[in-house]
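Report on the following structure.
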């Protein structure tokens, strides 16, 4: 059974996902949401590759960035990305399903830090993403 | 008049762009390429926004990542992204045209470092991207 | 009982620590070493503060950087830092003891990625460090 | 002739440097300060090397971090580092003099972004540092 905080978290993410045109284009699926946490995935399609025939780095980043946004905004405190770093550790190809899991490292009053792990369908890590957000104090819903 | 190195740089980027399905989806325009350098832009469309009504961070990242790839591969030495960091400094909205300019900071034998500045149509900086690549020694064309 | 890989890891780190003048100045203590892993700590002294009266960011970074070096070099494959990012989440003050634990995220042939968590004596996270190294293939001992 | 803003910037940095025990240990010299800008240098001594016989990464980081602090605080708005990334491009050795120049990329109300270039005495780039700070609104002097 979800507690009140996790219910709010799920409502906020449902609202975000409904308006998030780019996550919709990526066909992101929301797998699990709780306070300060999210886990999402998507299938890599042929529109997502770069000039080297592997997935465009921006696609892997984008999935992780959506997971980051869903985790850092879900207390209904509108938060925007300040700084993000990503390390790419394994190539992703068409047909892979990649999953991004966002965990909260620090929940400050004005800022927050999140670590997002991106795995492929074999549970191999393909990238590691660290994001810092700024909390505006505004509500989303 | 282009020298031989810049001619090669332009050939490599033309080849990459031709196969880069995601940069094509973004409707990236290649404005200028020379050895270790690239400048590209695109128009922000409604498919590119996130759940907060501003451009998805992954879109801004992706433009910069394409500029990075076009700059770091254009000596015809296939190079893949290892680590990237991006700082977001201003929101981007539908209808903006954003331009990413990639400059080479370090051209090592095995690695390279590039700094990519992303501006909007008013020449306001919207993000700053730093990327490190690994050089495989393989050719692209 | 240590296996052979962990024995080698401990020998390499003992050799590194013996020659690491700056870690000696910081009075770093090596708490635990195993293959691809290290945990070290130190006491914050008055020589380590900055102009705001809190610990200089470079000190926290340096402890984490030593943990990173001890973890990424300890297979006796000389590895140098390429890219590092650090997020500061809590101020550190004189008299604190901070501990850095380095875990291996990716052990590639040419590169490696490590995540280093820095805690104070109350087990509060003060910083999170992600480092990518380049493996030279040379030996240390 | 300095304008009022640059006079303030120099006063703030003089105050910071006077209390910055670690920058004093490093024997940092302040070369130039103006609003949102600083340039400083230091000589690499034998106490600053790591277990590989080259300068400890934390030392190069620390010089850049001091330059960052002197640039981002010098409007007398106390600012603390949130996120920093550094790319190392060339080894630094004993006897080198390294100079860090901090330029302001973004001066926001709550945050700021700075790019710090670190050169050796031959004007070779040894590292590139990007830092984001949070502005507290408190005064330093």
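To keep things simple, chains are lettered A, B, C and D as they appear, and every chain counts its residues starting from 1.
In this section, contacts are C-beta pairs under 8 Å (C-beta built on N, C-alpha and C of every residue); 3 or more make two chains touch, one makes a residue touch a chain.
It should be emphasised that the depicted structure is a prediction, and the values quoted were computed from it without experimental measurement.
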item: More contacts between chains, A-B or B-C; value: A-B
item: Most remote chain, CA-based centroid, reference being chain C; value: B
item: CA centroid of chain A to CA centroid of chain B, Å; value: 22
item: Centre distance in Å when chain B and chain D are each reduced to the mean of their C-alpha atoms; value: 29
item: Geometric centre distance via CA averages, chain C-chain B, whole Å; value: 33
item: Contacts with 2+ other chains: residues of chain C; value: 82-83, 85, 87, 132
item: Residues of chain B that touch chain A when the two form their complex; value: 15-23, 25, 46-53, 56-59, 61-63, 65-66, 69, 73, 78, 80-88, 91, 140
item: Partner chain D, residues of chain A touching it in the complex; value: 82-83, 85, 110-111, 132, 134
item: Touching residues (chain side chain B, partner chain D) in the complex; value: 83, 85, 87, 89-90, 105-106, 108, 113, 115, 125, 128, 130, 132
